[in-house]
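Please find the structures below.
One chain, chain A, links the two complexes that follow: it is found with chain B in the first and with chain C in the second.
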Partner chain A sequence: MPADIAFERIYVELYQQVLQYLMTGVTVGSIYAIIALGFVVIYNVTGIINFAQGEFVMLGAMIMVSLYKNQVPMVAAFVIAVLLTTIIGAALERLAIRPAKGASIVTLIIITIGASITIRGLGLITWGPNTSSLPAFSGDAPLVIGTASIVPQTLWVLVTTAILLIALYLFFERTLLGKAMRACAINMSAARLMGISPSVMAMVSFALSASLGAVGGVVMAPTTLATYDMGTMLALKGFVAAIIGGMSSTPGAVAGGLLVGVLESMGAGLISSGYKDAIAFVVLFLVLFVRPNGIFGGRDTSKGGL
Partner chain B sequence: MRHQNRIILSALFVVIGVLPFVFTSSYHISVMIFIGIHAMLAIGLCLLMGYAGQVSLGHAAFFGLGAYASGILTASYHVDPWLAMGLAAIFTGLVAFIIGKPLFRLKGNNLAMGTLGFGIIVYIMLVEMTDLTGGPSGLRGVPSLSIFGFTFDKDIKYFYLVWALALLFLILSLNIVNSRVGRALRSIHGSEIAAEMLGVDTNKYKIQILIVSAVYASVAGSLYAHYVTFLSPPPFGFKLSIEVLVMVVIGGLSSVYGAIFGAAATTLLSETLRGTVPKLLSGAGGEYEIVVFGVILMVVMIFMPTGLTSGTLNLVRRWRQEKALRVETREAEDGNAVTGVPRVPEGRTAIEDN
Partner chain C sequence: MKQPKWLMVSLLLVLALAALAVGACTATPTPTPTTAPKPPAPAAATPAKPAATAPAATTPAKSAATPAASKPAASKEPYKIGGLFAITGPASSLGIPERNTVQLLEEQINQQGGINGTPVKMVIADTESDETKAVLAAKKLIDEDKVLAIVGPSQSGESLAIADTIEKAEIPLVSAAASIKIVDPVKKWIFKTPQSDSLIVQALVDYLKAKGYTKIGWLSVSNAFGDSGKVEFEKAAPGAGLTTVAKESFGANDTDVTAQLTRVKAANPDAIVVWAIPPAAAIVSKNVAQLGIKQPVFQSHGIGNKQFIDLAGTAANGVRFPVGKLLVADSLSGSDAQKKVLQEYAKGYTAKFDANTLSTFGGHAWDGFWIVAKALEKSGPDRAKLRDAIESNTKEFVGITGVFSFSPTEHNGLDKRAVTMVEIKDGKWVNAE
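Moving on to the complex of A and B:
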C-alpha cells in the first residue's frame, strides 16, 4: 500500500527531526543549566538575583576568543578566561554589592542591572560590536549516533556540565568552604555565631558563580557566535530555568535548564523559529501561574536546599 | 502640603508654557516633546516603583502596545485617532490586568525578571507579527492628531498637547499619592506583611497601580505614534525600559515631580551623549551611552538608595544641620566655658531628619 509507505516515511522523518531537536535542546539546555546554577549559588547565599549573570558567560567567551586569536594555547586561554572572570565576579561583589549593605531588594536589583549594562558596554568598547567565533575543541566532523548526528562540541558541553555538577556537589558536601556557604544559606545568624563570615561567603558565591558562567561561556562559544551582548538572553533563559527548578535547588536548576532547552528547540523546529526566544518566557509564565515556587521547588524558596 | 503642591504646580505650568518661547529651534522643541512623552512613562513607573516598591523592567512593552495599537487602528483600519488612543489605553490596561495576576505572585527579584520577560515577549511579537505590525520594516502612515478641525501639525502645538496630558497625569498621580490608595501603596513598600496585617489588600493595590502606569505608558505610546507617524520595533526594546528606570532612579523614587526631572535629565543626557561620544571615541555608535546609564544606576543606588534628587536634598539638609549644630556648640562653649557641654538636645537631629 503506497499510502502507508508514504505515511511511514513522514513518520520516520518526523521522528528523526524530533530526535535532532532533542539533541540540540539538551545541548543548549546544559548551558542554561550552568547559568541557572550560577543564579542558584548566589541566591542561596545572599538572597540576591544577580542580573549580571549572563555577563559572566559573555566575559568567559569573549576573553577566550580574544586570547585564542592572540595565539595563546587553548588550555592556557581557558584557564585565564575563567580566572579573570572569577576575579571580576568577586570584584563586582566587593565594589557594588558590599557598599550597599543592608539595601532593599529593589535597590540590589537595580545595582546588578546597572552592573550588567556597564559590563556589557565595556565589552562593546573592548571587543566592538562584531561577532567572533572560536573553533570547536576537537574538530567539526559530526558523529553519527543512530539516526541523528551530533557535533563533537556537543559532547564537550554535556561532559562539562556533568563535571561541573559533580564538582559543585563535592564542593558543597565535602569541603569546609562549601559547608560554610551552605550554613550561610540555611541560617545566616547561626552561621555567623559559628564563626563563618557571611560577607566573605557572599564574595565567594559571586566568584564561584562567575567561574561557572565563564566555563559555560567558553564551552558554548564554538557552538554559537560570541558577541558582547550574548549575555542578556542567556541570563534570562538561565533565570527561567532556575525559577522552574525552584530557585534554590541545584538538581532543580539542571532539570529546569534541560526542560527550557528542549522546549525551545522543539518549539523553534516544529512551530516557528521567530518566536524561539519567547518560548522560555511563555513557559515561565505558565510555571508561575501554576506553581509559583517552581516545579521542583518546595514550599519555601527563601533558604536551604542546596 | 496641598498648598505647597499648588505653588509647585503653578510654577511648573508657567515654566512649561514659556519654554517653547525660550528654545525656539525645532530641534529643541522636538527634544522637549520627547521629554514630555518620557515624563508620562516615568510618572507611571514612579508610582509603581517609588511608591509601591515593585520593579518593572518591561515598561517599554506598555509603551509599545499603546503605540502599535494606536498605529494599527488608525493607519490600517482608519479609526478616529482619539478613539484609537482610548481603545489602546483600554487594551494595554487589560493586558496589565491579565499579566498582573501571575506577576505579582512573584516578589521583588522574580518580579523584575518576570516583567523583563514580558517586555521581551512583546518585543518579539512586534517584530514577528508582520501582518499586523509590519514587522522590522515598520508601520507607515499613522495620521497626525486633530480636534474639531484643529490639527496638531506643528511641533509647537504638539508640545502643548503632550505637556497638557503629562501635567494631567502628574496631577492625577499626586492625588493618588496623597489619598488612601497612596498610603496603602507606601505601606506595601514599607512591609508587605505589615500592610496585609493592617488589612491592606496588597495584591489588589499592586495590580491597580500596574494598570494605572500601563495606561499612562499606553497614552504616551499613542502620542509618540502620532508624532513620529512611523513605527518600528527598536524604540520599544529593553534599552527604553532601562532608560525609564534611570529616569525614576534619578528623580522619582520618592517624588512624582522628581519623575519629570528625571525624564528631562535622562533625555538631555542621552541627546548630549549621542552627540559627544562618537567624537571622543572614534567609530563609537550610539550604543555606548548605555554604559553611562549603567554607571549612574549603580552609583546612585549604592550611595543614594532613595534616588539622586532626594539623596542630594538629604545631604544638603544634613550638612545644614551639622553647621547649625557646630555654631550652637561654639556659642555654648563661648558662653559656658566651664562645662563645655553643648546646649543642643540630643534628640534634635533625629527629630529634624523626619
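Moving on to the complex of A and C:
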C-alpha cells in the first residue's frame, strides 16, 4: 500500500512538472513560430532563406528598449520600432539582395548571412555589449494555471502570435498585395505576365518579414531581455521550426515552432538541461527522416503554401 | 527548386550556422568567466562628494611617505612600476577601473613625496584582453621600460600566459586575476590579490550552514565560471553537512530557465544556489519569481554589479551573495579594519573618475600597487630584493579586497575576512544578516 501511495505521489508531481514544461514550451515555441513565419514569407516569394531574420528580432527589441529608455511612451515606441525595422528590412532587399540579381539562390542566401553579421556588428557599435531590459507590458505578478505558473507577458506573446497569424491570413487571402505575393510564389513568370512586379514583391516580403520579426522581438524582450547578439540562436531555432513545418507553409511554421519549443522544454526538464539546444536539431533530423518534406510540406503547392 | 537537393543544402546550412553560433557564443564580450564578477558600481559605496574635501591620503600612503619631507621627490630617478591591464577589448570593464586606480595612486603617492623620497612612475600597457598581446606587452615592460615590478594582468588567462616570461625574467608580478592556478602551485615571482573561488564558496557554505539550510538546489551556468563554482561547492559542501538535492545547468545565453527551476523546485531544497553572471543570472531570478518559488535564493559574486539589479528588477530583491566588501563599505561596522580604506578609495576614485566604473577590479589593482609600493620602501630598486620584501613584508596588510598575509607557501594570502554576504534590498546592496 505505501508503495502505491508513493508511486501515485511521484506520478502527480511529474504531471505538475510536465504542465509547467508545456507552458514554458508553448511560450518559447510561439516566439520561434513568429521567426519561422518570417522565414516562410521570404522563402515563398523569393526562394531565399533569409538568415538575417534573427537580426530583425534583435532590431525590434533593441530599438524598442532604447526608445523606451529615452522616455518615449510604450505604444509610440512599439510603432516606431516596428516601422524602423520594416524600413531596414526593405532596405536590406534593395541594397544587398537586388544588386545581386541573377546570382544563384545559394549566393543570395550567403548574402543574407553576411547581412546578419553586419547588422549584429552595427548593433554592437550602437548599443554596446550589455544586455538591456524592458518592463513587462502588464506587470510581473505571476498567473497560476493549474499547477503551472506563467508571467502576464506570456499571454502577450501568445496573443500576438495568434493575431499575427490571422493578420497574415487576411493579408494573403483578402488584399490585392497579398494575392499578388501569392501569385509570385506560385508562378513567377505567370505573375509577371499579369503585370505583377516580382522585384517589388520581393521587397515587400522582406519588409513584411522584418515587421514580423520586430513585433516578435518587442513582445519577447521583457521576458528574455535584449542584447545585440540575441538574434543568432533565435534565427537558428526559427529556421529549424520552418523546415520542420515544410519551409513553405504558414501553419507548418507555427506548428514547427511550437513543436520545437515544447520538446526543448520537455527535454530540458525530463532528460537533462545540458541537451536543451541539441534537442531542436535532433528533432529536425528525426522529422526529416520520417517526412523529408517536413510535416506540412509538399501537400498543397497550388497556393504556394501561403 | 524543391525538395531533396534543398534539404541537403538546408541541413548543411544549419550545421554551418550552428558552428557559427557556438563560435559567436564563446566570443561574446563578457569578461572571462575565470575572472568572475563584472564591474560593480556600488550605490552604497559611492559617497559622491567632490574631491576638494579630501586630501586624498590613504592609510598606507602615510607610512610609505614618512621621510618625504627631507628629500624633494622630483629630483630622483623615479621607481618604475608596470601596470598591465585589459584596457581595451572584451575585458575592458576590468582593465579600465584598474588603470584608473593605479593612475590615481601614482598621483597620490607622489603628492606625499613618493617612496622614501623617490617618485613613482606607472608605465601602463594594454593587453587588449588578449593573451598573446599580454605576453608581448609584459616583455616590453620588462626589457624596454625596465620596470621593477608589474601589477596585473586583469584576466586569469593572461596571467597564466605570461607566467613563464615572468619567472624567466625574474621580476615580481602581482596579478589582478582570480584563478587559483595563478598561485597554486606557488611560483616564486608571482602573487595575486583577488579572492579565489574556493574562498568565496567557503564563505557561502558557512553562511548556509549557519542559517540551517542543509538541502541545496544547485544551478550553474555551463562555462568555466559556473563549472569552477560547482567544483568548489562540491568540495566544500560535505564538510558543512550540506547535501545537493538537485543539480542543473543552463547556457550563458539562455532566455528561459523555468524547466530547470521546476526540477529544482520538485526536489524541495531548503535554499537555491545559482552560480552565473548577468544576463543569465538575472533570467534565473526572474524565473524564480515567475514560478513563485518560496525558498531563499543565493547567487555568486558574479552578480556584484549594477547590471544584475537593472536586469532582474524587483526579482533581484532578497537575493543574497558572497562578495568583497567594497559594495557595502558604508554599512560595515566601525570596527572593521577595511572600512576606512574602502571608503577612502571609493571617495578618491569617484572624485576623479566615472562612479559607474568603481569596482572590486580597481580594488585588486589598488592592493597590487600598495603591496609593491610598501615592499619597495623596504627593499629599494632591486627586483630580487623587492620580491623577497613582497613575500616577507606583506603581513596583515589591510587592502580593498581583504587583509593580506603572504608567505613562501602562500601568494594570495587572503582569509575569510575578504568575503562578506550581501543582500539586495529595494534595489540596493546591504549587509546580509
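Quick note on the criterion: the second predicted complex is superposed on the first by the 301 of 306 C-alpha atoms of A that agree within 3 Å, B and C clash if a C-alpha of one lies under 4 Å from a C-alpha of the other, contacts with A are read in each partner's own complex, and residues count from 1 in each chain.
Criterion: a residue touches a chain if its C-beta (ideal position, glycine included) is under 8 Å from a C-beta of that chain, and two chains touch if they have at least 3 such contacts.
None of these values were measured; they are calculated from a predicted model.
Undergrad: Regarding the shared-chain residue A:Ala91, is it in contact with chain B (first), chain C (second), both, or neither?
TA: neither
Undergrad: Quick check for you: in the superposed arrangement, does A:Pro135 touch first (chain B), second (chain C), both or neither?
TA: second
Undergrad: Go through the superposed model and pick first if A:Leu236 touches only chain B, second if only chain C, both, or neither.
TA: A:Leu236 contacts both chain B and chain C.
Undergrad: With both complexes superposed on chain A, which partner does A:Val72 reach: first (chain B), second (chain C), both or neither?
TA: neither
Undergrad: Touch check for A:Thr24: first (chain B), second (chain C), both, or neither?
TA: second
Undergrad: Should A:Phe289 be classified as contacting the first partner (chain B), the second (chain C), both, or neither?
TA: The first partner, chain B, only.
Undergrad: Classify the contacts of A:Glu13 with the two partner chains as first (chain B alone), second (chain C alone), both, or neither.
TA: In the superposition, A:Glu13 touches chain C alone.
Undergrad: Quick check for you: in the superposed arrangement, does A:Ile80 touch first (chain B), second (chain C), both or neither?
TA: In the superposition, A:Ile80 touches no partner, neither chain B nor chain C.
Undergrad: Once the shared chain is lined up, is A:Leu177 touching chain B (first), chain C (second), both, or neither of them?
TA: neither
Undergrad: What part of chain A is shared between its chain B contacts and its chain C contacts?
TA: Shared contact residues on chain A: 49, 51, 105-106, 109, 113, 129, 232, 236, 239-240, 243, 247, 274, 277, 281, 284, 288, 292.
Undergrad: Which bits of chain B are touching chain A when the two form their complex?
TA: Its residues touching chain A are 49, 53, 55, 57, 99, 102-103, 105-110, 112-114, 116-118, 120-121, 124-125, 127-128, 238, 242, 245, 249, 281, 284-285, 287-288, 290-291, 293-299, 301-303, 305.
Undergrad: Under the stated contact criterion, what part of chain C meets chain A in this complex?
TA: For chain C paired with chain A, touching residues are 1-4, 6-7, 9-11, 13-14, 17-18, 20-21, 24-25, 28-30, 90, 222, 248-251, 253-256, 258-260, 262-263, 266, 278-279, 282-283, 286, 289-292, 307, 310-311, 313-315.
Undergrad: State the interface residues of chain A toward chain C in the complex, per the touch definition above.
TA: The contact residues of chain A facing chain C are 13, 16-17, 20-21, 24, 27-28, 47, 49, 51, 105-106, 109, 113, 129-133, 135, 140, 142, 144, 149-151, 220, 223-225, 227, 229-230, 232-233, 235-236, 239-240, 243, 247, 265-266, 268-269, 273-274, 276-277, 281, 284, 288, 292-293, 297-298.
Undergrad: Any idea which chain A residues touch chain B in the complex?
TA: The touching residues are 43, 48-49, 51, 96, 99-100, 103-107, 109-111, 113-122, 124-125, 129, 232, 236, 239-240, 243, 247, 272, 274-275, 277-278, 280-282, 284-285, 288-289, 292.
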